[in-house]
Amino acid sequence: MIKNLLSALFCVLLAASAHALTADEALGIATGDTDARIEAVGKAVAQPDAKTAEFLQALAEDRVKTAGGKVFVVQGEKAIDPVTGAAASLPSDAEDVISNNRMRGEIDTALAAIRLFSPDASQRAQAVRALAGEPDEARLPMIEKALQAETDGAIRQQLELARAAILLASEDPAKRLAAARALADSRSPATRTLLVEKLASEPDRAVQAAMRAALRSVESSLAWAERAGQVFSGISLGSILLLVALGLAITYGLMGVINMAHGELMMIGAYATYVVQGLFQRYLPAEVFGWYLVAAVPVAFGASALMGAILERGVIRYLYGRPLETLLATWGISLMLMQLVRSVFGAQNVGVENPSWMSGGVVVLGSLQLPWNRIVIIGFAAAVLAGMAFLIARTRLGLFVRGVTQNRSIASCMGVNTARTDTLAFALGSGIAGLAGCALSQVGNVGPDLGQAYIVDAFMVVVLGGVGQLAGTVYAALGLGILNKFLEGWAGAVLAKIAVLVFIVVFIQKRPQGLFAVKGRSAEA
Amino acid sequence: QSGNTIKVGILHSLSGTMAISETVLKDTALMAIEEINAKGGVLGRKLEPVVVDPASNWPLFAEKTRQLMTQDKVAAIFGCWTSVSRKSVLPVVEELNGLLFYPVQYEGEELSKNVFYTGAAPNQQAIPAVEYLMSKDGGGAKRFVLLGTDYVYPRTTNKILRAFLKSKGVKDSDIDEKYTPFGHSDYQTIVADIKKFSAGGKTAVISTINGDSNVPFYKELGNAGLKAKDVPVVAFSVGEEELRGVDTKPLVGHLAAWNYFMSVKNPANDEFTKKWAAYAKAKNIAGHKDKPLTNDPMEATYIGIYMWKQAVEKAKSTDVDKVIAAMGGQTFKAPSGFTAKMDEKNHHLHKPVFIGEVRADGQFNVVWKTPGPVKAKPWSPYIEGNDKKKDEPDGKSKV
Amino acid sequence: MTPLLMELGAERVASHTESGGRAAGWGRPAIAGEVDLTHGRILYLEDVSVSFDGFKAINKLSLDIAPGELRCIIGPNGAGKTTMMDIITGKTRPDAGTVYFGSTIDLLRHTEAEIAQMGIGRKFQKPTVFEQLTVFENLELALKTDKGVKASMFFRLRSEQGDRLAHVLHTIHLAGSEHRLAGNLSHGQKQWLEIGMLLMQDPKLLLLDEPVAGMTDEETVRTAELFLTLKGQHSLVVVEHDMSFIRRICEVVTVLCDGSVLAQGTLDEVQSDERVIEVYLGR
Amino acid sequence: MLTVKTIDQYYGGSHILRGVSLDVPQGQVTVLLGRNGVGKTTLLKTLMGLVPIKSGSIAWQDREIQRLTPYQRARAGIGYVPQGREIFARLTVAENLRMGLASQPASTPVPPQLFELFPVLKQMLHRRGGDLSGGQQQQLAIARALAAKPRLLILDEPTEGIQPSIIKDIGRVIRTLASEGLDGQRMSVLLVEQYYDFAEELADQYLVMERGEVIARGPGTEMQAKGIRQLVAI
Amino acid sequence: MNAIVVNDNIPSPSGGGQGGGSRVEGQPAVVARAAPTPTLPQGGRGLLSRTGWAGFLIALALVCGVAPLLNLVVPEGSAFHLSDYAVSLVGKIMCYAICALAMDLIWGYTGILSLGHGLFFALGGYVMGMYLMRQIGRDGNYQSELPDFMVFLDWKELPWHWALSDSFIATLVLVVAVPGLLAFVFGFFAFRSRIKGVYFSIITQALTFAAMLLFFRNETGFGGNNGFTDFKRILGVTIATPQTRMVLFVLTGVVLLAFFLFSRWLVTAKFGRVLQAVRDAESRVMFCGYNPVRYKLTIWVISAMMCGVAGALYVPQVGIINPGEMSPANSIEIAVWTAVGGRATLVGPIVGAFLVNGAKSWLTVTAPEFWLYFLGALFIAVTLFMPQGIVGLLRRRKDAP
């Protein structure tokens, strides 16, 4: 990072005579009231040198301290003097330099301006994006200079858009016209705002027309992005519902256990993820921390599966054939598991981080950012589904599970070790709940109530799909997810949720056995 | 009073949905009581805490209150978090002429002779926060998304804020009010909407999202690329405890308004946080023994207990009416670094207001604060008719 | 009911069959809710078809039953016998065709409960009784009486109803077991109980799906005799695979195969039919 | 050879089996007769381990099995056709047959002879078991038990609901199974049957039960002479 | 009457068949011996056994006589004094017991597990709550005729659905009519569509969940999340006095006992046996000529109305009603009480409600941090060791010797 910056600066230095950061400047940037600090940043960046960039970077990362009128940059364990770069000893009364949002914004812009000349294309692309937000005439020369040097087509295009955005305010109608035409290619919502704003005050007919055309084009691409976003969020919600329901599709759908502790088995998976994260933090080098989640997947599965196996052996197995009693017993189990977690981990939520590769998102269609964590979860849900479908439909264990749950004693007479099959099946369902918990830890709370928040949804999905029908579960999850998101965009979250529930009530009237009902005689048997 | 001890009730949910927030208040209260006992108790008698679990069930709050007051005969109750639990308890404490200390920020619009409110009223939290957002340093926000969980505290707060914003010349079209159900966990649409709304001008989000939904909200916010410097979010229900469950790196710069932050530097807070860390370790309090955190309601609980102690000592009795009379004007050197004072009349504290920005480590940088404590206005002047309200409870209990 | 009445009934039935129902029905007004037998048919199926996922279980089946007739239906496994009963009792809706009870009641327009109340009773192939109720309660529920909600709230067993119940209990060999839970009966006992419930219900048309399966020979004989006493007053459709039983009770036998009628006639005729031997009886 | 010695069984308070003893010799068909509710099904269930016995012993191939679970007995080579079909309604016919192979290694195929005996099953391989007609289900239940080529076959009223021609086939098959088995090894057969003629024709041995006790037994050839038909009837 | 009469002497059929497959040859005709008429149980022998009546009367006396005496007359210091706290606790639990009883009718006897009974309870409670809100009059925070929350929402007049809330008579009617009507409409469609088992359970859950969200909304006009509290009067009488509380207590007790008798009457009538038959084999019930939809609908509506009454009695006693009562977990709890006590026993659910709620009240004080372990363990133990619930266990004990 620092190295890149330095080489970026090198380019700048070619163009203008650099001016070295002084101790006073550093102090001015770090202390005082925000207005003065911003002014100081402006001055320093006008002719930046490597030290300035380094210092700004440290500020942006909250690594700057002051003590007794001196400024220090903290680097790991040591402190250095930002001006000389020499190691310095940090006084014990040193105070953090606190930058508020406004200050941080200025620092980022300043850094972007410097990075515009970085040899690293991705750095430059990022810098253009950062600068494109607010068109500012003062930046025009810088952008033009960057445009001259730029070779990368995509970045050029972005730069041109940024320039056009600035030129839209130009005195010269010809320039405005060109700018308006150029902006038709933009897909950013900021452009629309800009166009709307400028259109109101545009005197020139031709420019007006061009602006209107540009506006239409921007709006249509924005509308597409919005629709795509809605579908994505629907699928994403659906994938979460699916994960949450899949385990239940086994323990309840196949085995007939009204498993009120399903949510708590998810919770165990989530806490297992938390524990793995903690172990990585404590015992492994920071570079591998990002992979904790990969390690957490089997651990979460295993922890929940083990708990499931214990529950099956200890309680559930005595209740086969008495499904309503399983409701009562698993309700009791769920109370105990929640309290157990409160006793062990505390009543408050615990923090589970997205690994860096799952943070942020990928920008598509210009303005739509799809978060990585959601994309990964969609993929994960698909993988779990595929694995489970294979296991249930294609393997002997799957066959035994289905057979045993339909007629336990006869399956036993056929030579199926029903006790083992039951335990395995319940552990499998529980393990999948654990996987769901692991996934949920990436988007929501990890706390003692995690399970309670999803249990109702989980049952609705399984039942709506048709009990024992894996395909039904899938359709129900995705359908509810997308329906919910479309309604939410239209009626708000609360009414959407109510509408979805009412939809379920009405839908079941039409299909009293769920989406994928078993038809014919076998339904009664 | 039985024997040599004075019983006090602690009425916080230790199970159910609110346990997440309330459990730690129970521990804070126990810590304060232990401290007081270590220094000889009150009026020479030791305090005996009676802990009950109302289990996040509002009618159970009322039942437990009656039990604490009639069976255990406690001298005062420290408890409740949600407004609805307080409202459930209120008729009982009024009927039996008891004392409740309520430690959480709330929507105001209430005054009871039998309740002391040690959390913030809207003017001690929400209004200053919005003023800050509108200031240059706060980013000069022109448009506002009022986002909350669908219940009374957010609704009321937003109503007050809307009136306030209007008085500052913000148009209705620049205000977007949105609610999510309790326990809502999918904020994709909301965040997308905020993004869209923010394209229309400098936007800030004022969040009254209730505890549990915050984590998914902030996670979504972080991953959808909405940065604090573009669209700052100021929250009234997010403190150090809530951020425990979030990866705060992408959230740096988002804001919260409270009357106390763990990160404020002053001797009183140093002592408070150290005591808490030691207590959590000694009592093996899950979560806090490894990562002790303090927050505003804990501070408010702590202040409440000490002020009650002082009032009892002043009144030389635990008699409720005498204690109520002695409460007015009590002061306490609070961990916030300021001296909190119980208003002579309106049963609320005078408290300073801090605005903090989230740091990467889950703590807050105080970026703004009031010069001194602010008097609470439980009857918000932004609500019609409240100007006629008396700023003190009716003298008689309301039976 | 006295023997005299029985005789009268038998006469009426005879006139029905001889004249094709015309004589008996001539000039009689059709009473709503009453089964109209003017055409001498208590049950009438025409061109009924039903298929499950493309498999034609019933294929253009036409069949009619005269009042008082005891009709046996045989046919290979999977011929569609049970499905036919499902259609008559409203459990399965056919894809095409008409099903009439008497000459006025279109059964396809009625629910299971209504059909039962009109007087069609059924014994299932797999015995189905109320397992959590006692034998007595099972019979009491089946008793022919007002089956409305209010009526059952205020229902009290009258003494003649009680007598009838006692008789039926005796007939089905469960006297002394009336307080046992039906679920604890053996397979054969459940079969009997279900027949008993049918007797209590006193329907005009009885559909019996394999009534003697799992019964001893002695009981088979008893059942046959029972059915013979019912015949005349009631119409019966009996599905069985037990040829000796059929021989005992039946004049006309219908053979179903692949969802439609393969042959019809006396048992001897049918038994010598090559096609029937081929698909059903075996050599 | 299966040897049952003085077993007693209770449902709740009522004594259902009273000191029942019997032998099922290798390669022979033993027929158990008795009126409704005398305890035949109960006896077979105790042999399979579906209901516990109070006292007595059950030995199969010189090994005591009364403590074993049903699946262990199935793996020991006992096949069972329960009364009332009890097929897996929501599994396909093919899957039902594979369930029958549960005691065998995973790769064991379904013996093709079964489809010769019950051609309808071949046609309906992918139909759900519960959708079959009653008789088809009964055929499936028999085929399922045979799939694993058991050494001892226990049948509870296997002809119930089956059309006459197939009953004849089943009779022939049971004979062959006893003498040759499906793969050359002789099978022992214990058959509960109400259909007297069918039973008499097949019986190498017979037993008659009455109120939970065995009241008569002997070689099949003597059945007529001893008036067993009347014994069962009255 | 065209009844089937089975003659004792069945005429033997002439000549057995000789054809192949004949089973019976040369059998003598079986002549059944004349049967002694068995003693038949008569339906409606009386609602309760002798000990049952004794217990009932004792309970009635306790509720109507002893409890008021111990609470109001015996002085507070005395060992026999019944505290106000105990009165309010037992009063509350009796309301729960009514719900459990209602649940038992629909679940225990008819086999329909409702996961939405909390909704009916809450609706009854809300109807009563609206009345109590109106009774506050101008004594609220804002000294307006309108309830405080409406003033706060800037509403100028009562919304239409509050129209009848100032009439006590109308309230009494609506307490049963509102839950009853909702149950009727919902049940009519659901039962007609033949929604059964868990499908029914889940849509009842969806229903109560949706209602909860709806009631959370301030716009709905029921006070949002806070619901109604701070009641002052009922029928003009101050609500928070020991006397009023005792009246409500006695009333609840009497209603509970009356509902018990009523339920007993329902289930001992043939009606009850039809319900049980529906539970065991619904299609068979249809083939017997009963229309199960009517039966299910009747008991469903009755059950909902009972819950409504329970809710109406509950609200003035606990002093608050809010949408939390409609949360799915609350409805599940009703089922839990019923199962703990013993399904299909009538006394069971009452015992269950008292046991579970009593344990809850006791344990949340004596073991606030551990009580969930105890309660959870109780539920597991009941299912494992008492399949018929507590009452079932007692019965078996009694039957054993």
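Chains here go by letter, A, B, C, D and E, matching the order in which they are written, and residues are numbered from 1 within each.
Methods note: contacts are C-beta pairs under 8 Å (C-beta built on N, C-alpha and C of every residue); 3 or more make two chains touch, one makes a residue touch a chain.
Just so it is clear, the structure is predicted and the values come from calculations on it, not from any experiment.
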Minimal step count in the chain contact network, chain B to chain C: 2
Neighbouring chains shared between chain D and chain E, ordered by label: A, C
Remotest chain, chain D as reference, centres from CA atoms: B
Centre-most chain, if every chain is reduced to its averaged C-alpha atoms: E
Gap in Å, rounded to a whole number, between the CA centres of chain D and chain C: 32
Averaged-CA centre spacing for the pair chain E and chain B, given as whole angstrom: 40
Whole-Å gap between the CA centroids of chain A and chain B: 30
For chain D, residues contacting two or more additional chains: 131, 164, 167, 195-196, 233
Contacts with two or more other chains, residues of chain E listed in rising order: 20-23, 27, 30, 213, 216-217, 283, 369, 372
Touching two or more other chains - residues of chain C: 52, 217-218, 242-243, 281
Touch list for chain A against partner chain D, complex: 396, 399-400, 402-403, 406-407, 409-419, 468, 518, 520-525
Footprint of chain A on chain D - complex, ascending: 48-50, 69-71, 73-75, 80, 82, 86, 88-91, 95, 98-104, 106, 128-131, 144, 148
Residues of chain E defined as touching chain C within the complex: 1-8, 10-13, 16-17, 19-24, 27, 29-30, 32, 35-38, 40-44, 266, 269-271, 273-274, 276-277, 279-281, 283-292, 294-295, 298
Footprint of chain E on chain C - complex, ascending: 1, 89, 91, 111-114, 116-117, 121-122, 124, 128-133, 136-137, 140-142, 144, 147-149, 152-157, 162-171, 175-176, 178-179, 197, 199-202, 217-218, 220-222, 224-226, 228-230, 233-234, 242-245, 247-249, 267-268, 271, 281
Of chain A, residues touching chain E in the complex: 258, 260, 315, 318-319, 322, 324-329, 331-336, 338-340, 343, 452, 456, 459-460, 463-464, 467, 494, 497-498, 501-502, 504-505, 508-510, 512-514, 524
